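Some structures to go through are shown next.
You will see two complexes here that share subunit A, one where it goes with subunit B and one where it goes with subunit C.
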Partner chain A sequence: MKRRVPLSSRPFPADEQLPAPPRPAGRVLDARLHLLDRQVHDVDETPVVVVDDLEVRGTDGDEHPTGAQEAVVTALLSGPVLGTRVFGGRPPATRWHRIAWSDVTEVGVVVRLGVRGDALDVTWTERWVRDHVVGRIPGGRHDPG
Partner chain B sequence: MKRLFAVALGILTAIGGFLDIGDLVTNAVVGSRFGLSLAWVVVVGVVGICLFAQMSGRVAAVSGRATFEIIRERLGPRAAGANLAASFAVNLLTLTAEVGGIALALQLASSVEPRLWIPVAAFAVWLVIWRTKFSVMENVTGLVGLTLVVFAVAVFLLGPDWGELAQQALRPAAPASEGPAVYWYYAIALFGAAMTPYEVFFFSSGAREERWTRRDLAQSRANVLVGFPLGGILSVAIAACAAIVFLPRGVEVSSLSQIVLPVALAGGKLALALVIVGIVAATFGAALETALSSGYTLAQYLGWPWGKFRRPARAARFHLTMIVALLVAVAVLMTSVDPIAVTEFSVVFSAVALPLTYLPILVVANDPEYMGDAVNGRVTNALALVYLVVILAASLAAIPLMIATGAGS
Partner chain C sequence: MILGDLLDAHVRDDQGRRLGYVVDVRLVLDRPASGLLAVPRVHGLLVSPRTSSSFLGYERRDVRAPALLARWLRRRHRGTFLVLWPDVERLGDDEVVLRTGYRRWSPVLDA
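What follows is the complex of A and B.
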């Protein structure tokens, strides 16, 4: 077993300041922890979707970046990708409902968008149900009480 | 003065809202077979629901996140999806039992076949969800449900042998006629009835509906810590009524008319009328809560807009979910299945599903990112951990005991 070297006899000063690894400016986000499965709110605080998956692209435009490449999140995904996240697989890109990353204004306890949820493709089921079922039942378009 | 009124109103609603068809049926069945020897389970259940309802209310008020949003965030889509499937199914079963309960209570009042009442009851539930304000809905059913206090009055009017009741309650053991497996099976059923998970979904989502903030925390704590124990006393009173009237005669409660019989014996027609009104209000209130919970859980998992504070067209899928849930409940009941039997199954499956709901709440209530300085204290955490063990044990034992005892028969 190696004996512990006392502080005083070490080959470097005990209070030496080592250079810290470079930190990117701003807050560090963990895609899994801070983005996946977070609730998304639109500019009016209305819930839009939950982030079911993320679209990641290489900075050089590569659609399937490897771990060695630099990559950025380009969109939040929702809809059918939930099924493939639960059961595995990968839906064709034509079935993705994307929310462009440029629409995101804040990542906190919820992910906030700077646009209205009504204008997004992901909320088409909500609009369909509203226009074909719920909105047609008497009283459906009035405030309760 | 206004504040005091709000607190009093909240407490009264909590008492009236505590009881549902699960509590009514399970307590009466247990009372008729085991006397008060399972009253300790109600105490354990009430402390547990106080602990976790208060915690989920605090999480919702401080972080603005309802329970199922948190479950999804913390457990990921797969585990949360399995949790959703189980919770939604149990909730649907409870909703079916509650709607059946309304129909049975209306049958007692009118002698009209319950299958004629079932669609009427479900339609009325939907109409209230569709058009009434959240606070009005909560307060009216809660306050009218208070008439169930006649169960407590009936205990006194029946003039029981207090010594014997106390002995049953203080020296809990299975009566000679019942085996220990059945005793524990009903202990779990009673625990599930007191701690039904929908109450937590409803409580946390309700906190968002009423836009609670930190300032409302003291009031919510008072509602829970005073209202629920008083509701628990009513539960024990129901068991006591059944114990006084049915236990000595060896009659087993299997219908709603038997549940109200002790009250009728003690107080005559007026008491009977009151208790029927109370049961209609309690089951109606619980049907509203379970129907809303079915919408809350699904909408929160998938991130849809939800809430009664939005007009239905602004939370379309949320409202469609509740309509479908009510239609399924009606369809199940129309097969002439006995609502009492549905209730007995629903409380046991509630016990099975309990850990799925309570563990994520406990985890998030300790997360400073959500809670800031309002995280759980040490005492709350210690108590919650003890309860987690109890809940887990009840959940694991429920199905084996159900098979071993033939569902308590």
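What follows is the complex of A and C.
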């Protein structure tokens, strides 16, 4: 849903020239611009999933950090977000699949992982279909070549 | 917390005045790595008077083309600012409240 705050109702002018923020030491990313909806490739360059959301925790493990404590990204999340993006809300926590940030090796046009996609929970449906459906079709258990 | 819970949330100051919406979350890869890549820390929130069309990021980068689109989107999102994470007082249901004396910074990525 599109929403806006009239510029005239804000307590400062819209065209004010703002100072540059303190320059942090590390690489700067904007979550929506550089991470969300990016394709995730595994160590063999096989597309695994896309980044639907990110898990954020306080450095002390707090699930709901505020500005009083440092917050870090702990995992990439993937889940059934099509319906919730159209109608609002978010999938229940049990439907999210996590990929720990420690598995991420590079953030660029795609997000690269240092592990094989087969080892991730997020690909369980593909493995299930391979083993229980495709594998039972005659010729389904070997390379067609 | 899921980052998506923050996106598009209302942003208010400590007096309840509406400042805009969270259109993005700025991260900095500067925390000790648990794998090969540094861990991203939440650096701040980008607050715009509008929720839509900011995903293209024209108001945050020095991209000028296509000229008409760039000018239109930059105008739609004028007044966008960055507020640093320590200035966030409280996260409520679809609402972010900033602490007294919060500071606004330029949203430009390479500033």
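Basically, the second predicted complex is superposed on the first by the 97 of 145 C-alpha atoms of A that agree within 3 Å, B and C clash if a C-alpha of one lies under 4 Å from a C-alpha of the other, contacts with A are read in each partner's own complex, and residues count from 1 in each chain.
Keep this in mind: a residue touches a chain if its C-beta (ideal position, glycine included) is under 8 Å from a C-beta of that chain, and two chains touch if they have at least 3 such contacts.
Predicted model only: the values in this text are computed from it and were never measured.
In the superposition on chain A, A:W101 makes contact with subunit C only, while subunit B stays out of contact range.
In the superposition on chain A, contact of A:V49 is made with subunit B only, not with subunit C. Applying the stated contact rule after C-alpha superposition, one finds that A:R38 touches subunit B and leaves subunit C untouched. More subunit A residues lie in contact with C than with the other chain of the pair subunit B and subunit C. Contacts of A:V5 after superposition: subunit C is touched, whereas subunit B is not reached. By the touch criterion stated above, A:D60 is placed in contact with neither subunit B nor subunit C. Within the superposed three-chain model, A:P19 lies in touch with subunit C and out of touch with subunit B [touch as defined at top]. By the touch criterion stated above, A:R130 is placed in contact with subunit B alone, subunit C being left untouched.
Within subunit A, the residues touching subunit B in one complex and subunit C in the other are 36, 52. Contact residues of subunit A toward subunit B in the complex are 36-40, 46-50, 52, 78, 82, 85-86, 109, 117, 125-127, 129-130, 133-135, 137, 139-145.
Within the complex, the subunit B residues that touch subunit A are 63-65, 69, 72-73, 76-78, 80-81, 130-134, 136, 299, 301-306, 308-309, 311-314, 316-317, 319-320, 369-370. Put simply, subunit C touches subunit A in their complex at residues 1-5, 7-8, 13, 17-21, 23-31, 33-44, 46, 49-52, 54-55, 57, 60, 78-79, 81-82, 84-91, 99, 104-109, 111. Partner subunit C is touched in their complex by these residues of subunit A: 1-7, 9-12, 14-15, 17-22, 24-33, 35-36, 52-57, 59, 63-68, 70-74, 77, 90, 96, 100-107, 114.
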